[in-house]
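A, B, C and D label the chains in the order they appear, each numbered from 1.
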């Protein structure tokens, strides 16, 4: 495991070079790539060079966002699919090895099994294109009941379901994005993580929850920094990652607007230290 | 269609002979069978005779409860399954042609697809035994969000899902129990009922909803008599049943405890008249 | 129903204008469109005009080939998918309302359920793009055992399976291409066709089988003209189409190389007369 | 792994005490249980005592036949299901920990997915009852094409499909019965066995194939003793079992009628020696 700086996940803005500087300064082990920035470098040679320079700074790549909307209307999806290989070539040239997206945990029109069919079909196509570029796909399930219960048809919102979906797609380059916040809000515990291996996990997020709300009242976009409230069993979560011999990025995504109001270096020093402490 | 008296669905108590008297007195077209009573008649000959006497009174049978718990633990399910043929023989001797059950719309441990698998497997077995006795199975989906959202994993809670489940089981003797209350709370309208035929519908319930609650706040066990509050589009519901050329029982299941405190004949006269008016 | 001239299905070559002349001369009710020819007309206005001229000749369009390979490798599929809307715009401008493809009934690597997942996912995307152009998709199942048993994993090769696939995709604009040859070689009879409606059928092919081979020995690419050997119950097949109130094209696809050696007008007069006799 | 004597699998007849004597005499590590014999011992106490005596002879139990027909008609299945717990109690008392059955690889009426649904539903029920008795279920896929291609709808006939079925049932006490003969006839190699663990395998059979037939011409009921013809890569098969840390029974099931005509001790000495050599 390595601590991974994702400025976006912290609600902070910085271009990729700045993020890299900040990651180095605060002792992160990696940084999230930014496809837009890489793409603007002009040609794949420049991208490769940029990727090398990041490695030379001692940083690994975190995880890029999947550049296609899994549940977009068919025509848009088809267009994005056709545009995907060129984008993946950029990521591949930079040395990026994983992209990720979240699974929208409800739908107003598609019942569970129809939504499942849509996801399996589209994720299969996406995974096949990703495999051609040597890139893995991480899927994040979303746990808060205040989110999945807001439309007519709840969808995947637990670890077990996410694993089922991955098995059904059947592509060797798909795995989980595990977030302690979703694990907690989904009502899961360490037993649910037992048996996972590094191959099953593409990325990990660690966050804590507010201590003035019950589990089923927690909001998806109102979390806390890891090991701050102690609501979530961070120790159990990290122990499971270690048992899985997980070797990928660990980041923080607290959705706390207040972070943007604090001195940047204070925030990053705190975040870096919290992740390092969790990794142990 | 015919109006069907189900004392149990009205929260009232009466043995089967009394129910039959009441059904005749108040002009119902049918009455729900009671397996326990029929079984106590002693032998199938007596049951057949009893069934004939009901027909001679001008009544049709409504729908019996399915005498096995679809989601019971495996060993209990296996026992009930073995005991099922004898019970079906009693129903068949009485001339009963349909049984029904509801689909529990959530589960605390089984995610949607695992629960689906359990239902498909068990309903297939049940349907095969029912077919041997010439009996159809009606499945009722449950609409209120205040019910399906109470455990970790919501399950079938809409017409479309119930139809998918019936298709997946693939038995010709399974159909729907349609209840205007579930149709309303599931957020459905007349379009959702379009295309149904008599073969798709085993039984129908008509109920209204409280007018001081939003749709998503309605409670499964707190309804109103049909055409009382006007919250539910009873006209649209009945028109769809007519379009389907539906020929089965129509009953009322309001879960209003107050009915038990009113004069019995007043209640039944009111209910009979409401159903007759709806059937038109 | 109307008789449809498909030169390609007869193993004969002709450009679209010639096919149209031949269709008119021999009393066919329709002719298969040719996307390549239409596309070469230059702009959608010319295509629309061409389509109108065909209608003015008293012909309806048959069915075009689906211009994307359902089971092609992912990257090619993605490219074709992106190119699909422009092709559909041409077909739509010409007034074509249906395209068709066959379901490859086996696979050497993908077991049934994995192949099913691939088909459902891709056909869903295709159907959504087609719907945007008001075009239906016809799917043809392939019956001969000498074909579906040639690789490790047999796939859809019967009417029931094709219907299941269509239900699973869940798109209102997908239906069947029914071929009497596949119906016969799949071991089906008139009962299997019962209950179909015009909405379920996109196109129909009528062919007979060799009378010196058992059903399981028949070859996919060695058939006979309809009502020539009498092996196939053409009367039962056509009666089922009439019961379904089928209103679409009927063509012949005998895979008889000898047709190319006979005088063209003799062949077409014979084919036209056989289809007309079948339609009755 | 341990060598396991199954007289039945060798086409030989012997009651259980005789089989035990023969297993000891010829150095087998285990012997298949016989439910009928155990049941006739009269009470569970006697069965427990008998089980202990077998252990005292230094033998482990192989695998019993699953005492219910997975694809039997519904009513029979229901009866057998109800009778299952009592039979499992006998096996459990004897110390038997696994039962097995094979998956019929085709069906004349049920297409693949309908047959899948039937298997998943019934195996789920069976597995739940088995789990209550601490017994595992082994499922054997059947490889020969001359068998799976004999009816209209081929079904599970490969390792990958069998694993998918086990995942779909989702019961922790179901695993594979691996037979080198099915592995070979299914066109599989050592790669297909990679990644399996002891938990995935309930029992193993080793057999060779005739050397005068192509793979797709091999007959299910005409095999050869392991390491006799060399057609099957027994070394690769056993290496995979060792990689999986497989700890269960290994037996021989050659379907060679000629064995019954040879001196019994010669046959058993040969078989024991072949299994021991394979285990290494």
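Quick note on the criterion: contacts are C-beta pairs under 8 Å (C-beta built on N, C-alpha and C of every residue); 3 or more make two chains touch, one makes a residue touch a chain.
Remember, predicted model here, so these are calculated numbers, not experimental data.
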item: For chain A paired with chain B, centre-to-centre distance based on mean C-alpha positions, whole Å; value: 46
item: Averaged-CA centre spacing for the pair chain D and chain A, given as whole angstrom; value: 44
item: Chain D residues counted as touching two or more neighbouring chains; value: 114
item: Chain contact topology (line, ring, star, complete or other); value: ring
item: Every chain pair in contact, whichever chains are involved; value: A-B, A-C, B-D, C-D
item: Residues of chain C defined as touching chain D within the complex; value: 111-113, 116, 145, 149, 152-154, 158, 160-161, 164, 186-187
item: In the complex with chain C, residue positions of chain A that touch it; value: 73-75, 77-79, 81-85, 114, 117-118, 120-122, 124-125, 128-129, 132, 168-170
